[in-house]
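Each of the next two complexes has subunit A plus one other chain: subunit B in the first, subunit C in the second.
Moving on, here comes the complex of A and B:
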């Protein structure tokens, strides 16, 4: 990394993103997969309508006609697995992006070593003690079953994690010599947060956000499983797994395995991006 | 007229429990404009804390810090912020004192963003280039990150950042101690050169006596938060009158194996915990010249000669004093000692 810095001194900032991608095959691979999957869910011609059941072909095993088989209602599992990305991936990304922004703002706000911020963190402890099921049920009871409540659930789960991460990083940074130098220059607390602390926590925060996106897919699946968020007949990996799980008893494994595999590879793709971003952040330090 | 005056300043650090650490204990001194006062002492003697108190990077418990007629401790946050353009600091660890995510140009230009907001980006870049040139750096380095620079270059960036707002007083907190010996000399010469050209006043904090006698005009020796001895470099280094100063000079090793000037004047034991309140002289437990009254009589600074103050009640010490290693005065200096070293 340092060698390129030497050969093109002035262009360090502008070339940062492509350089990260160029040097990190995993990031490219992960992003490409996510984009392709999302594009396919919207534009690819599917063999069957994802919300139109075929009552004459229920519980068919995978075949040339139905690649991933059909479920108990006669829905084509392949079409639904692809189409589910339409909702699952944007929901996960929206939830993660909102968590990222709110987490950065609140994380920086509590990143002082004051009694006030200690209390805020203690408050988060209490909040985080509630499991997802309880939070999901509470949100739906309070706001009704809408897609937005899924985003809200993701935000409520992820913001405390971002806050903790940013706070612990920022507290360590505050002890560093260059922050003291900035104070000696007369930099205001806001300038110190914005110019000195934020850029130095961004790397690890971005990496955490990819992990959060992966986690969100699981949250959406879990919430759908509980009947929150995406409602039938709209396809969602979580719902498909829920229905498929029931059919496992009679041996219809394909209904649950293929959407489960879709969750697996999507999470893996987000993790690839996360690992790559983390590595890039470390290398440039 | 001194540009900086420190009067009876004290600072105690408290931990969650237990007694506080009295890091700085009733310290007073002043620095004339264009002068370099060196503050020396071993680790934990409170010398860096004095520097931070003077810049109000930490708050003093007691005393007055007068800079250019302003009591620094009484300035409002806004007044203090404006005052910071005129008093600056260069730290020991050059890399750690530079934000790794900022370019050299942004680092050196930041003080201008804070203190001269009227400047356009272009004007700022011009000033940065000028400043980089002034500290001996290629202005083309402005686009790089600190990690791409050598230790000596990083320290030059630190100096450029400190000087770009044209301050009058600089705290140099061991600016060369983490650098190679050859680079140390370059940085010291740069600092000396800048002092002459820009009429800067320095507080030079160090534990390296050779650099002190090279760059400083006067020296203050600190031990357990107190000044033991203060005076001209000549007085303190060549005619030390305090047992602590004498022992400190003796502990200094010469790079020349033929120089055998160390006498056996040594302190015994370890530096006492600064949490323990001492009665009498702080050096009592370790001092080779102690007498009975030292244990109970507080030792106060008193003037021995004009401009030379000592804390020891027995000073001037009766024993023949150390012949101080001549190398002490010759770091990076005139060619004579260099030739001698090579011989």
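Moving on, here comes the complex of A and C:
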């Protein structure tokens, strides 16, 4: 015991940063990828304009001139794949952030064993029994096909998940001694929620929010695949995949594969962060 | 006896859920901002056109009257007509629901086999290399959007290797008229039409594979976590102490782990009725989900209501079936 106390601070001081990186490699890797991709989409010089087609070079396979080929309209697939991150990633992050905030507020509110919180959860069951892709599409289409509507759709899809997670974690925490102690000391219910429960569910909630971001990327891609919430010719991965879908049966794979790969890697990066955060949350419990 | 009482109680919940579902479908028209009639008819519609849509949607009457008319129609099995084709929604659904159910049932079968093998293997070899491999596979599968996988499979299996038919629907060109059940696989077998049966199976290959593979990630994750828990349980310890062969031990662990797996399967089934919509669109499947999407993009409100109603009903029935099944399988739930 005394040995550990003596050695730990020394080790920490000698290599603080690498230790953090080593212990949370998935989180650091995933975040680094997302930040780099985002930075590239805003600042990297692109070989072609992502919204200016070249009518003389349509449906070209990948080559030295067009690394990822061109689509049926003559857009450079490489430039568009990178530029699309400018829209798709921030949109997913905005949706996730909004879901996180609302999810925490509503999740804490229903995290009691009272009768009405049970009812609220039953209500969520009914809501989640609906076909969510269809609901999401309906929301965005009926409220006027704007970016805010996409965020709204993401929020509606994700908030119930946060609420459930926070509630189940909080109900388990409520049984523990320190909550009992806080209550015995006369802490108000609100204080218990804010100072004792919230900090303890934060780790797992952050892991969930990275899963939510991954899910949002897929939802955004699905919506824009359907032509919902996009404004062509602005690039978006889902829209690009949709434009290439018809070319797939004649063998022009590159129009779909590269934006599809961008979706896949971005989602995988968010999932990687989630895995790391989850492991960290598990370890701290 | 107690089981019957619990099932009875559970059945009493059904009317409440259906009521909520119907009300939500009805409320859908109300959430449209502005004048729904203009949204539906489009901004270039003539005033007569808008007036026609308004009467068709009943927007010229107060909402409680409309609600009663809507519920009354539903009770008589009348879901209304499409604003665009004028065809009754019920007959269209009778054609499309079997197409979707057939597709998602087979897709879930594939997910079960694939996902549970991955999950069980991961849980059994927890911490060693098969666990890492299966976990990696699940993470990758989780990151693939279903429409992307559909397109990739079309490219590889149809364009490159010509193993699968073109994405042209359930049969492609065929003179076969479905009936009596509407499920192509069952109908063809009932009538002894083996050639069409095989053709239908062949056309099912790609959509079933793409949905099955994508959703196996979810079952793999649930399978892994519930099997991991089961493998650390007392029973498993006891079974091992008794010297039972390992496959028996895994079998017992699986029996313990099946409740969350079944729950998840039911949730996926309910979600897939509408959730298969993009895959259905890619394969021109003419299912419920595809119809739902098409009607949303056209703001064909009665059809949207019909699709949501049907998929909600399927969810309600599947959840009921699940609750009864879990109770029959797990005596602890019965005696709670």
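Methods note: the second predicted complex is superposed on the first by the 261 of 285 C-alpha atoms of A that agree within 3 Å, B and C clash if a C-alpha of one lies under 4 Å from a C-alpha of the other, contacts with A are read in each partner's own complex, and residues count from 1 in each chain.
In this text, a contact is a pair of C-beta atoms (placed from the backbone, for glycine too) under 8 Å apart; a residue touches a chain by one contact, two chains touch by 3 or more.
These numbers come from a predicted model, not from an experiment.
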{"item": "Which of subunit B and subunit C A:218 touches, first, second, both or neither", "value": "second"}
{"item": "Partner chain in contact with A:195 - subunit B first, subunit C second, else both or neither", "value": "first"}
{"item": "Partner chain in contact with A:185 - subunit B first, subunit C second, else both or neither", "value": "first"}
{"item": "Contacts of A:241 with subunit B and subunit C, given as first, second, both or neither", "value": "second"}
{"item": "Partner chain(s) touched by A:176 [first = subunit B, second = subunit C, both, neither]", "value": "first"}
{"item": "Touched partner set for A:45, first subunit B, second subunit C, both or neither", "value": "neither"}
{"item": "Chain touching more of subunit A, residue-wise (subunit B, subunit C)", "value": "C"}
{"item": "Intersection of subunit A interface sets (partners subunit B, subunit C)", "value": "none"}
{"item": "Subunit C contact footprint on subunit A (complex, rising order)", "value": "126, 129-135, 137-138, 141-144, 214, 218, 221-222, 225-228, 241, 244-245, 248-251, 253, 256-257, 260, 263-265, 267-268, 271-272, 275"}
{"item": "Subunit B partner contacts - residues on subunit A that touch it in the complex", "value": "2, 5-6, 9-13, 176-178, 180-188, 191, 195-196, 199-200, 285"}
{"item": "Sites on subunit C touched by subunit A in the complex", "value": "17, 20-21, 24, 28, 31-33, 39, 139-140, 142-145, 147-148, 151-152, 154-155, 158-160, 166-167, 270-271, 273-275, 277-278, 281-282, 289, 292-293, 296-297, 299, 304, 307-308, 311-312, 315-316, 319"}
{"item": "Complex contact set, residues of subunit B against subunit A", "value": "55, 57, 80-82, 84-85, 88-89, 91, 93, 96-103, 110-111, 114-115, 140-141, 143-145, 147-148, 158, 161"}
